[in-house]
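Remarks on the structure that follows.
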Amino acid sequence: MIKIEAIIRPNKLDDVKAALDALGVQGMTVIHVMGSGKQRGRTQHYRGQEYIVNLLDKIKLETVVSDAEADQVVKAITQAAATGDIGDGKVFMSRIDNALRIRTGEQGDSALK
Amino acid sequence: MIKIEAIIRPNKLDDVKAALDALGVQGMTVIHVMGSGKQRGRTQHYRGQEYIVNLLDKIKLETVVSDAEADQVVKAITQAAATGDIGDGKVFMSRIDNALRIRTGEQGDSALK
Amino acid sequence: MIKIEAIIRPNKLDDVKAALDALGVQGMTVIHVMGSGKQRGRTQHYRGQEYIVNLLDKIKLETVVSDAEADQVVKAITQAAATGDIGDGKVFMSRIDNALRIRTGEQGDSALK
Amino acid sequence: MTSSIRKRLSTGAGKRLVARPVAVAILSTLLLLLHRALEAQQVSGSIDTGDTAWMLVSSALVLFMTPGLALFYAGMVRSKNVLSTTMHSFSMMAMVGLTWVLWGYSLSFSGHGSLIGDLGWLGLRGVGAAPNPDYAPTIPHTTYMIYQAMFAIITPALISGALAERMKFGAYMAFTFLWSILVYCPVAHWVWGTGGWLRTLGALDFAGGTVVHISSGVAALACALMLGRRQHLGSEELAPHNVTMTVLGAGILWFGWFGFNAGSAIGASALASSAFVATNTAAAAAALSWMAVERLATGKATALGAASGAVAGLVAITPAAGYVGPVSSIIIGLAISPLSYCAIQLKSRLRLDDALDVVGVHFVGGSFGAIATGLFATKAINPGMVRYNGLFFGGGVQLLWRQIVAVAATAVFSFALSIAILSVIKLLSGIRVTREDEAMGLDLTQHGEVGYHLEAV
Amino acid sequence: MTSSIRKRLSTGAGKRLVARPVAVAILSTLLLLLHRALEAQQVSGSIDTGDTAWMLVSSALVLFMTPGLALFYAGMVRSKNVLSTTMHSFSMMAMVGLTWVLWGYSLSFSGHGSLIGDLGWLGLRGVGAAPNPDYAPTIPHTTYMIYQAMFAIITPALISGALAERMKFGAYMAFTFLWSILVYCPVAHWVWGTGGWLRTLGALDFAGGTVVHISSGVAALACALMLGRRQHLGSEELAPHNVTMTVLGAGILWFGWFGFNAGSAIGASALASSAFVATNTAAAAAALSWMAVERLATGKATALGAASGAVAGLVAITPAAGYVGPVSSIIIGLAISPLSYCAIQLKSRLRLDDALDVVGVHFVGGSFGAIATGLFATKAINPGMVRYNGLFFGGGVQLLWRQIVAVAATAVFSFALSIAILSVIKLLSGIRVTREDEAMGLDLTQHGEVGYHLEAV
Amino acid sequence: MTSSIRKRLSTGAGKRLVARPVAVAILSTLLLLLHRALEAQQVSGSIDTGDTAWMLVSSALVLFMTPGLALFYAGMVRSKNVLSTTMHSFSMMAMVGLTWVLWGYSLSFSGHGSLIGDLGWLGLRGVGAAPNPDYAPTIPHTTYMIYQAMFAIITPALISGALAERMKFGAYMAFTFLWSILVYCPVAHWVWGTGGWLRTLGALDFAGGTVVHISSGVAALACALMLGRRQHLGSEELAPHNVTMTVLGAGILWFGWFGFNAGSAIGASALASSAFVATNTAAAAAALSWMAVERLATGKATALGAASGAVAGLVAITPAAGYVGPVSSIIIGLAISPLSYCAIQLKSRLRLDDALDVVGVHFVGGSFGAIATGLFATKAINPGMVRYNGLFFGGGVQLLWRQIVAVAATAVFSFALSIAILSVIKLLSGIRVTREDEAMGLDLTQHGEVGYHLEAV
C-alpha cells in the first residue's frame, strides 16, 4: 500500500476531490496546514508594524491506496490541483506496511475499499 | 520503530487515550482532521442552498512505538475506537527510520519512552 | 528522500524556521497539533469542575529533504527547538519513495528544491 | 413590580411645588389648585415623555438580553452544538414575541382573577395609547405591554441551559410553547396582575425573581431529570468551546439588566435610579465573591467564574432591586456566589446534568433573592410599595413568610407543570435525540448547518 | 417620517388638561389660557427633555446597527474575507459620518425643492440647538440631524452584501461616496424633505422603506450584475464561516431597529410606542415564518434562517411601522419570509451572485413593506400623518398607488444611477480584484491583514 | 463636566415661557410668578424625567463600554491570553463597581477640598433620591453617582492594554485597587469635584480627557517600563488573534461613548446633543484619517486601523465634546490619527512594549484633546461653562495655559504614583509571570482555563 500525501491550494480541494471520486477513491483524510516554499508570502500590517508572513494556508490530503492504484491517483491529483503558478504544491509517496479497518478488523488492501 | 496513525471518531479520543495509558503509552500527537470514506455526509442548508458535506470531523492520532509494542497498541486502539458503525476509521502502520528526543538528543527506541 | 517530522513547542517555530532558512531549506509544511508525553498537563477549572488536560499545543513541522541533507537538517531543528525542559518534542525520520511538484511535474529530489 | 399607588406617590412627590416666601398667597392657592388638576390629569392618564423614553429604552434593553443569553449559553457548549444552543434563545424572540401579542399579555395581565388573566386583551384589543392606571399611569399602555413581552421572551430561553446538547428541537419548541402558556402566564398574573393572589397577599417581586428566575430554574431541573445525562458527562470534552463568547454574553446581560431591574420602576424616577444602583452593586459584589471562592477552592479565579458570578448577582438582586439600599445589595451580591458555587458542586456530585447550571444560578439565585427581599426590604427605599419592612429592618416575619410562600408556590407549580408537559411530549414524539445525533452534534442533525468554517478554503 | 402636524397633535393631546368638577371656573379659564401659551411655546420651539432623551438614544441605537450589520454580513463570508466585509460597514461610519455633516444633511433636508435639498446647511451652518419646526419641533435641530446621519451611514453599508468577496476596496469607497451624494440624498429629500415630491404626493415611508431599503436593495442588484459571479459559486466552500457572528449581528440589528423605527416618531410618544410594538411583532412573525418555510422546504429550521427572517421582517415593517396596528404587523411579518425565501431561490437559479442576498431581503422586503403600507395604514393608529387609509382599511387605492409610485421611482432611479456610477469607476480604475487576489482572500490582498490567528503560537 | 450654573441656565432657557399677544396681562404676571416658582423648585431639586431617563441610559452605555473594551483589547492579543486580557476589563466591573460605592465616590466628589474629597459619603451615606445641586440639579443624586461609577470602572481597565500578556493577575488586581484610590479619586476631584483645584483654576475637561485618558495613558507607560518587554517582541507571532473581535469592541465603544460624552451634559439638553454630534463627527474623521495615513504609509487601509482611528478620535474629542462645534470636531478628529500613528511607530522603534498602544491612543489622544480644548472651545457652543474662549476663538492663552497645566499635573502625578505602586507590589510579590508561564499563556497559568475549543470533539 502507498500513502499519497498531497499539499495543495485550499481552493483546489473541491476539484481534487471530484477527480478522486471519478477514480472511485473515496477514502481520504484532509488537514488544514500552513506551508512555505517558493511562493512568496504577503506582507501584513498591524498598526504600522510589518510582518512578512511566509506560511500560507494549504490543504494536505492524505489517501492510502493499493500499489496498483497509486500512479493513477497521483496523476489525477496532479492534474486537478495544478494552476501552473508557484505554490501549487507537492505530492509525496511513501510505503504503508499495514492498514486496518477499525469497524471490522479487516487488514491490508481490503481495509482501504 | 513503527508509526501508528489512527483515524478515529472525535468522541472516541478519550477512550483511546485511556486504552493507551493502560499500556503505558503516553507519547502521542493528536490532529484535528476531516475525513471522507464510506460514511455518508450530512446535508447542510444555507438560505435554501444545499451542500452535501462529505468531509466529516475526525481525529488523527499518531504514535511512534517500538516494533515490539506495535501490535498490542494497534489492538488497544482498535478496541477502544470501535462502535461497529460505518465511520469508525482506519489504522495505518509504517516504518520510522529514526527518532530523536530534542531535549536530550537520545535516538532510537529510547527516544520514545 | 527523507521525511523529517519535528514536533516542537509553538513558540519555537520562528527559531526553527530561521535555522532552516540558514541551511537553504524553504519547503516545509506546518501543522497545529496537540501532544502528550512526559510533559505534565495543566489543570483547568470550569465552574469548579476539574479537567486535567494532558494534550498540549504543539507544532508539527514536516519537511522532505534529500538523503544527503537529512542529518544536517535534523541537527539544525534540534538545536533551534531545544530549551532543555521536558516537552521540547521529538524528531522522526522516515523514507519517502517519490516526490512530485504539482506545478511542473518534476519528480524526485528536483521536486524538493 | 408596579402599582398605581407607588407611581402616584412618587410622581406626586416629584411635582410637589414648594411656594417661596416671595410668592403671594393667591398664587399659592392657584398653584395648589393647579397641582391638583395636574395630579388628576396624571391619574386620568397623560403620558410623561421622560418616563416613556426610559420604558422604551428598557424594553429594547431587555430584548437585547436574549441574544446576550444566546452568547452566554452558546459559548459554554461544544462547537458542534453552538447553533442549537443559540436557537434555543433566538427562537423565543420569534415565538413568544408573537404569542405574547396574541394571547400572552391578556392571560397574564387582563382582568382581576387571582390565578390567571382573562381573554379581554386578546390580540391587544383595548391595549392602546392611553396609559393603564393599574400598571403604568404615565406611559402608553402599549409600552407597558411590550416591556412585559421581553420578560416573557427571555424566561423560557433561560430554561434552555439545562437541556442543551441533547434535546430535539421540535420538542423544545413544543415544550416552550406550552410552558409559556401554562406556567409563565399564570405565575406572572399571580405576582404582578391585578387581583393576582401573591400580589394581593403582599409578596414582593420587583423585577421577576419568582416570575422569571424561580419558574425557569425549577423547569430546568425538570428538564435535566426528564432528559437524563449527556454522553461523556464528566470528561474533558464537555469544556466550554468559547469562553470569550460567554463573557461577552454576560456583558450584554449586565447591560440589559438595567432595563430589566431599573425599568421595573416603570418610569425614569428616583426609584429607577435606586434599582439601577442596587443592580450594578450586586452584580459587582457577586462577580468579586465568585472570583474569591474560586481562588480559595482551586487557586485561580477564572473568567467564566467572574461572568457566572455577575449573572448570579444580577439574578439575586432582581426581586429585591427596588426595595433595598446599596449596602443590602452588597450583602446580597457577596452571599449569592458561594451559594451558587456550592449548588453547582453538589449537582456535579449528584451527576445531575443541568448542563449550563440553570438551577444553580437561576433557581438558587432567584430563591435567595426573594428571601433576601424578606430580610432587607425597607420603606426608606420604597415607601410606595413596601407594606412591611424586612426582618432585618424591623418588620418581623410579616414579609418574610410571604416571600417564602411565593418561592414555594412558584417552585412547586412550575416543577409539576414542567414535568407534566415534558411527559406528554415524550409520549407523543420523544424529547431526546438519538445517541448518534448527539455524537454528531445538534447543529448538523437538528438544524442542518454548522457553526464555524474558520479555516481558509 | 415626521411632520410638525403630527407632532403638534400628539403632544397637544398629551398635554390637554381636564378640568375637574372641584376646580372653579376661573381656574379653568386660566388653565386654558396657560395651555394655549404652552402650546404656542411648543410650536415656537422649546425642547422636551423626554423626547430629546429618546431621540439621542435612538441615534445611538441606529449607529450601533452598523457594527451589527458588519457582524451579520461578515459571519456569512469565508474567513479570508471577514475583515474586508467588516470594513464595508465600518468604513461607512467613517466616511458618511463625516460627509453627512459637511454636505449630506444639507442636500437631503434643507430648502423646499422637490428633487433635492440646497446648500443652505452646508457644514451645519444654521443647524443649532433650536428645534426645527418642520422636522422635529420638540428636540434640538442637531439631534434630528445626527439621527438622520445614522440612516445615511447604514444605507450604503447595506449594499455591500451584494459585492462581498470580490470588489476592490478603493472602488467600493469611491462608489459609496458618489452613491451617497447622487442617490441617497435626493431620495431622502423626495420622501422626507420639505417640498420633496413624494412627500408632497402623500406617499408614506415611516422609517425608510424606500429611502433605505429599496434604494440600497436595487443598488445591490446593480453591483451584482456589474461585478459578475465569484469563483466557485455554488460549491461548498461558499458556506458562512461563522454563523454565531451572523446571529449576534441580527440580534444587534433587532435591538438597534427600535431606534430606527420607534425613533422615527421623533419623540417619546404613543406613536413611538406603537411603532416599537409593530417592529418587534413583525420581526418575531417573520423569524417564525422563515423557520416554518425552511421546515417545509428542507426539513430543518436553521439559525441562519431565523436570523434572516428576523431581518426581513424588520425591513418589511420599516415603512409601515408608524401607520399600522399589531395585527397588520403580524400579517406583514408572516408574509415577508416566504417572499424573500423564494426570491433567494430564484436568484440561485439565475446564478446571479448577490452574495449575501441584499436584493432578496432589502429590495423585496422594502418594496413589500411599502406596498403593505398602502394596504394596512390606518388613521386609527396615526391620525396625524395618514391622509388616506390603506386599501384594507377602506381608503381605496388612494394611498396604494402613491406607494407604488414611490417604490417604482426609487427603484428605477437608484438602479440607473448605480449602474452609471459603477460604469465610470470600472472605466477609470476597475471594480473587481484579480482572480489570484480573490483566491487569496480580500483581507490579505486589499487590507494586508488577516482576521484570525486562533491557534496557539 | 458639570456645574450647577450651566444646568440652571440651560434649563431656565428651555422653560422660559413666552407670552403670546392673546394672553392677558394678568396671566403674564401669574405665569412669570409661576415660572419663578418652577425655577425655584428646579434649584431646590425636583427631578426631570427626561434628564433622568437620559442619564440612566448614559450610565448603562458607559458600563457597556467595559465589555466592549474587553473585546477591543482581547482581539489584539494571542489566543492563549484572550481570557487574561478579558479579565483585565471584566474584573474592574467587579472590583471598582464595589469600591466606588464604598469609598470611591466619596473620595472623588464629597466635600470642598482642593486635592481630594472627604469621607462624608462613605457607603453612599447621604447620597439619595434628592438631586445634588452642585453636580446635577435635575436628576437623583444616586443617578449622578452611578454614572460616575462607570467612569471609575473603565479607567483602570484602559491601562491594562499596556501590561497585557505578561502581568501576574494578583499583581494586576492589587495595582488597580491602589491606583483607583491613589490616582483616580484625587484626579477626578481636582477636575470635577467641588473645590477641586483644576476646576477652580478654570481648566476644562468635559468628559474625562485628563481624568480618564491622560491618567490611564501615563499609568500605562509606567507599567510598560516596569514590566519590560514580552518574549518574541517584533516577531510574527504577536499579531492580533481575532481582529473581528477588536472591531466589534470598537463598535461597542463608539456606541457607549455617546453615554460617556453626551451624558456628560448631565441631562437631555441641547448641550448633550451638541456633544453627541461632536463625538460622532470626531470619531468618523479620525477613523478616516487613520485609514488615509495607512494608505500612504503601507499602501493599504486596515480594519484594525479604522477601529484604532475611531477610538483615537473618541479619546481626543472627550475633553472637548461639550465646548466645540462640529467643524472644530472634524479638525480634532482628522489631526489625532496621524499623531497617534506616529507615536506608535516611535514606540516600536524604542522597543517599548506598550502592548496594545495605550500610550499612543489614550495619552496622546487625551493630551491632544485637552490642548485642543484650549484652542477650539467657544462660548457660542456652551455659554454656561466656557469662561474663556480658546486661542482660535479669540480667547487668547487664558484657557490654553490652564489646559496645559491640567495635562502636565495629571501626567506627572499619575506617572509618579503608578511607578510607586508598582514598585511596592514588585517588592512584595513580583509583577511579572515566569518565562515559562508567559510561553504557556496567561489563560492557562493565571486562570486555569483556555479561551477556545473550536474543533469538534
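The letters A, B, C, D, E and F name the chains in turn, as written, and every chain counts its residues from 1.
Following the convention adopted for this analysis, contacts are C-beta pairs under 8 Å (C-beta built on N, C-alpha and C of every residue); 3 or more make two chains touch, one makes a residue touch a chain.
Being a predicted model, the structure only gives us computed values, none of them experimental.
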Output for shared partners of subunit C and subunit D reads A, B, E, F
Chains touching both subunit D and subunit E, listed by label: A, B, C, F
Using mean CA coordinates as chain centres, what's the subunit B-subunit F distance in Å? 53
Inter-chain centre distance, subunit B versus subunit D - centres from mean C-alpha coordinates, in Å: 47
Overlap residues in subunit B, where contacts from two or more other chains coincide: 11, 13, 31, 43-46, 53, 57, 85, 94-95
Quick check: what residues of subunit E touch more than one other chain, meaning two or more? 30, 48-51, 53-54, 57, 80, 236-237, 239-240, 268, 298, 300, 302, 304, 448-450, 452, 454-457
Draw the chains as points, connect those that touch, then say whether the picture is a line, ring, star, complete or other. complete
Residue set of subunit C touching subunit F in the complex reads 9, 11, 13-14, 42-46, 57, 85
Contact set on subunit D toward subunit B in their complex: 80, 231-232, 235-237, 436, 439-440, 444-445, 448-450
In their shared complex, subunit D is touched by residues of subunit E numbered 14-20, 22-24, 27, 30-31, 48-51, 53-54, 57, 61, 78-80, 237, 239-244, 247-248, 250-252, 254-255, 258-259, 262, 267-274, 276-277, 280-281, 283-285, 287-288, 291, 298-304, 306-307, 309-310, 325-327, 330, 441, 452, 454
Interface with subunit C, subunit B side, in the complex: residues 3, 17, 26-31, 64, 94-103, 105, 111-112
As the complex stands, subunit D meets subunit C at residues 234, 236, 239-240, 294, 297-298, 300, 302, 304-305, 308, 341, 344-345, 348, 357
